[in-house]
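The chains carry the letters A, B and C, assigned in the order they are written, with residues numbered from 1 in each.
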Amino acid sequence: MSAADVPLEVKGLYKRFGGLTAVKDVSFSIKAGEILGLIGPNGSGKSTVMKSILGVERPDGGSVRINGVEVAGWPPHKIARLGVGMVFQHSRPLHRQTVLENIILGLLPDKLLDFFPDPAVEKRAREIAERVGLGAALDRRPSTLPFADLRKMEIAKAIARNPKVVLVDEPFAGLTARETAAFAKLIVEMRDDGRAVLIVDHNVKSVSALVDRIYAMYVGERIAEGSVQEVMQNETVRRVYLGGALETAARPESAFRDVQTPFLSVDRLNVFYGKAQALEDVSIHVHHGEFVAIVGLNGAGKTTLFNAISGLTPYAGEIRRQGRSLRGKTAASIARDGIVQSPEGRELFTEMTVRENLEMGGGRLDEKDRLERLEWLFDLFPILKARANQTAGTLSGGEQQMLTIARALMMRPDLLILDEPTLGLAPVIMEQISKALERLRQTTPITVLLGEQNVTFALPHADRVYVLEHARIVWEGDPSRFASEIGERYL
Amino acid sequence: MLFWQILIDGFAISSLYALGATGFTLIFGVTGVLNLSHGAIMVAAAVAAWAAAGSLGVGSYLGAAFGVLTGLLLSLATYFLVVRRLQRSQRIREEEKEIFILTATLLWGIMIQEAIAYLYTNNAKTVLPIVDGVVSIVGVRTPANEIFTAVVCWLTIGALWLFVNRTRAGKAVLAASMNPRGVTLLGIELSVVYVAVWAIYGALAGTAGVLLGMFLGVSSYSAGPLTASAFSIVVLGGLGSVSGSLIAAYVVGYLETLTAYLVSPAYRAIPALLLLVVVMYVRPRGLLGRR
Amino acid sequence: MLRRILLSPPVWISLIVVLVASTLPLYVSGYVLGLLTIAYYFGVFSMAWDLLFGFANEVNFGPTFLIGLGAYTAGILDSLYQPPIFVCVAAGVFAAVTGGIVLALPALRVRGPYFGLTTLVAVLILQNFIVVAAELTGGEIGLTVPDVISIDDKINYWISLGFMAASGAILYGLSRSPVGLILQASGQDAVQAGALGFNVTKHKLAAFIVSAFFSGLAGALMVFYLGVASVGTFVDVTVGVQVIIGAVLGGRRTILGAALGAVFLIAMGEALRPLGDLATFIVSAIALAVVLLFPGGLLGMVKGAREAT
C-alpha cells in the first residue's frame, strides 16, 4: 500500500508530562476514505494523541506520518499546510468578521505581503459554504448564527484547502438529535471525498453509526481496536466503561419519609454554555437519606448538573432544597448550608498537607468537633491517617480522591455530591472507596448523589438510578431493572 | 567601614522594598491583579501621615497610624471602584480583562498622584519620624530611624506570616491563592476573602509608604518609580512567590546601594534594570515563579 | 469586496473629516493649529499601538520605547552631524524597527502579564539611559535640534495631517486586508491559527515591525516639528499611557478610533489646561470612566447601536 493510500500513520507514539506518561505506544493508521474513532474517557490520552498529530505537542517518541512524510516535531502550521485540517470542539470565530470572511481565513496562504483580497479565494469560499449548507448565512456575523451553523463553519474552514487528513474533536457535543444527523452527514461526505478522518470522542455510542473502525484508549494505552461491534463487546472496554457484573442493594423509594417534598428537587433544568446546550429539561429528585446514582458517560452532563445544584453555574429551571428555591444563593452559602460537592477535578490545595486540607473543610466546626470528625474520617480512610503530614500534591490519584471525599465529609453535609469518584483509579482503590460509601450508607443519615460512568461501581450503592445521555435524562428507575432495561444500550 | 555602611544601608532599603513587594505579590497571588496604583497608594499613605503629624499636629504615632489607615482605605477603594467592576464585567472578554485592569489601575494611580500634587504640591515631604537620634553600629553612625524602619518591616512581614500560616482566616487566604474554586466548595465566600486581602494589602502598602516617608521622604513623583521597582522585584522573584519577592528585594536593594556608593547615586537604578532584562530573556518566570 | 471596504462608512466618514480638517488653517488660530499638529502625531502613535494590541493581541505598555528611539536617534544624529532631515528620520525609523525586533523576541516567548512588563521595563531602561548619557542626549533638560521641517504653522499642520491620513489609510487598509485577517486570528487563538496553517510567530513579529515603523517615523517627524526632544515629551511612561488611552478610548481594534481617541484626549487636555494641576487628574478620571463604563470606547458606543459585537 503506497503512502498516498494511508494519509495518516501513527507508530509507537509516546508522550510524557513531567512524571506522568500521557501516551504510551499508540499506533494506528487511517486509509483514504476511512473514518477512525479514537475513543477514551477523560485522562485517557486521546487529546494528547490528537495534539501530537497536529503539532501542538511534540511527541517524546514514535512517529507520525502524513502522506508518508514524517512530521513528529514539526510546528503546527507546517503540518497543516502538508494537508491536515482540524475541526475544533470549542471554536472561536472572528466575531467582527462575516461568515464569508471567516471561511476565507481557511483559504489564505501564509504570506506576510497579502494585501489585496483575491477574487478566486472569495469564489472558492462561497463554494465551500454552499457545500456545507451555509450559503444563506455568508454575510452574517457569527454571533447571530445558531450553534449548529457555527459548527458547520468550522468544517468549512477545516476542509477549505482540501486536506487529506481531517481531525474532528467531539463532533456532536452541544447539538440536538436532528442537528447531529445533519452534522454526521457532513462528516460522511468528508470520507466519501477520499479523506482520512479521525474522530476523537468520549463515547463509542455517539459515533458508532459513523465510524468504520474504533481505537479505544484508557490511561494512555490502547485497550481495544477493531470494528464497532468487536470493541463494544471487548472485555476490557466493558470493564472500563461499565465495570463488571452488576450487583444491586436498593432500598425502595417508599422507605423514605419525605415523599411529598423531597430533600432535593430539580425541575426542568436547562443549562447553556454559550450556545451549546449542556442540559435539556432535566428533572430529578432525591429523598432525605437516599443514595441516588446519575449514570452517564463523560460529557453527558453530570458535572453540569452538579454545578447547577451547587450554584456554580447559571441555569434556567428550578432547584429546590426542602421546598425552598436555591436560586440566588451564593455557591459558598449552598455549601455551608449542607450541600457539599466532591468534584471531579478534586480541587485540592496541593501545597497544603492532608491534615491542613481536612482542617480547611472543618473550618467552621469548633475544636472538639473538628478533632472528632477528623478521627472518624481517618478511620474511614486509614491511608489518609498514614499520610496526614504529606503535601496533597504528592499523593497518588486514589489517595487524592479519598482526600477529596474526606474533606467534603468534614463539612458534615446533609447532601454529598460525588462526581466521578472512581475515574482513572485502580480496582483496589475503588474497593476502598466502595467500602467507605457502604459504611456511610449503613451508619449515617447522609444523602448522596453519585455521578458515575462506571455502572458496576455505582449500582450497589444506589437506591434509584437516573441515566443521563447527551444532556437529557433517558431513564429512571430501580437498579434491579437497570440491567434488563438499559444495560446493553448503555455502551 | 564602607563595607559596614553599605551593609546596613542596603539592609534598611531592602527591607522596605521587601515589605512593598510582599503586598504586591500577595494581591497578585490571591486575586491575579497587578496593581499599578501601588506606588500611588504608598505615597498617599506617606503624605497622609505627614499631613496629620505635621499640619494637624497629632504627633508622629497617630500620624503614622493615620497614614496606614489611608493606605487601607485607598486599597479598598481601588478594589471596589475599579478592579471588581472590571472583573465582573460582562462586556469584556475574559482574556482582555487583565489588560483592562492594568490600564485602569494605572489611570487610577495617576489620578491619586495628581490629586496629591494638587492638594499638597509635588514637593518632597518627610514624615515626622517616630524614632530620633543616631546610634553607632560596628563603628558606623546610623540614624536610629533606619534601624526602626528595618525592624518594623520585618515585624510586619512576620505578622503576615503568622496570620497566613497560623490563623483560620489566613489559611483561607492561602488556600484561595492555590485554588479559588476549592475555597468556594468549602463554604467560604471568595468575595469576603478578596475584601480581606485588599484590606491587608492596603495596610502593608500603607505601612511601607509611611516608613519610606520617614526614612527618605516622598513626593507625588515617587509614585511611578515605586510601582516600577515593586513589580521589577516581584517579576525577578517570580510572580506569586512571596519568598521569591523577599529574596529579590534584597538583591535589588543591595545592587542599588552598592551602585549608589561605589559608582554614583544617579546610576543606582541601572543594574537592577539590567538584571531584569537578563531575567526576562533567560528565565521569564523569575527565580521562584509558579505561574 | 475591495470596493465594499472602500465605500464603507468608516472610510468615507474619515475622508470627509480629513477634507474638513485640511481647510482649518484658513480660519483657525496658530495656537489651535499647533495643538492639532501634535494631536495628529499622537493619532499615529495610537493607531500603531492599536494594530499591535487590537489585532495581534499584544499589549505594549511601553509604546514610548519605540517612539523615543525614533525621536532621539533622529534628534541626536541631527545635533551631531546635521545631515539632511530625511536621513535623520530614516535613521530614527531604523532604530525604532530594530528596537521593535529586540522587544519582540522575548515578548513572543512569554505569555500573559510578562509581556506587558517586558515592554514597561524597556521604557524605564531607555529613560534611565537618556538621563544618564546627558552629554549625548540632553538628559532631563532635553535636546535642542538645529533643524526643523518648517517654521510655518500651516505647513507643519498640513504635513502632520497628511502624514496621519496616509498612515491611517495604510494601517486601516492592513487591518482589513487578508494579512489583517491572519493577524487577528493569530492574536485571538494562536493554536487554531496554527492549525489553519499560519506561522503565528512570523505574523506577530511583522505586526511589531509595522507598529515600530510608524511609531518611530511619527516620533522622528514630531522632533523636527517641535525642534526639541525631551524625556517628558517622548519617553515618559505617562506619554505612553496617553497613547494607550487614546486607542482604548477611541475603540480598540478599529484603527481609526485610535486616531479619534488620541486627538480627543489631547484636545481635552489642552482645553482643561487653565485648571492647572487638576487637568491631568480630570483627563485620567474621564479616561478611567470610559474604560469602566464603555469598554468599547467612543467608536464602540456608536457601533453598539448598529450591530451586535
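Worth pointing out:
Rule of thumb we're sticking to: a contact is a pair of C-beta atoms (placed from the backbone, for glycine too) under 8 Å apart; a residue touches a chain by one contact, two chains touch by 3 or more.
Bear in mind the structure is a predicted one, so any value in this text is a computation, not a measurement.
Distance from chain B peaks, on a Cα-centroid basis, for A. Two chain pairs, A-C and A-B, are compared here, and A-C has more C-beta pairs in contact (counted per touch definition above). Here the spacing of chain B and chain C, counted between their Cα centres, is 32 Å.
Between the Cα centres of chain A and chain C there is a gap of 46 Å.
Chain A and chain B have CA centres that are 43 Å apart.
Contact of a single residue of chain A with at least two other chains is seen at no position. Residues of chain C found to touch two or more other chains are absent. Counting partner chains per residue, chain B has no residue touching two or more of them. Interface residues of chain B, counted against chain A in their complex, comprise 168, 171-172, 174-175, 178-179, 181-191.
Interface residues of chain C facing chain B in the complex, by the touch rule stated above, are 53, 57, 59, 61, 105-106, 109-110, 112-114, 116-118, 120-121, 124-125, 128, 131-132, 237-238, 241, 244-245, 248, 276-278, 280-281, 284-285, 287-288, 291-292, 295-296. Listed in rising order, the residues of chain A touching chain B in the complex are 310, 312, 330-333, 335-336, 340-341, 343, 345, 347-352, 356, 359-361, 363-364, 407-408, 411.
By the touch criterion given at the top, residues 34, 82, 85-86, 89, 91-92, 95, 98-100, 102-104, 106-108, 110-111, 114-115, 117-118, 224, 228, 231-232, 235, 239, 266-267, 269-270, 273-274, 276-277, 280-281, 284-285, 291 of chain B touch chain C in their complex. Considering their complex, residues 54-56, 75-77, 80-81, 84-86, 88, 91-92, 94-97, 101, 104-106, 108, 110-119, 121-122, 141, 143-144, 157, 161 of chain A touch chain C.
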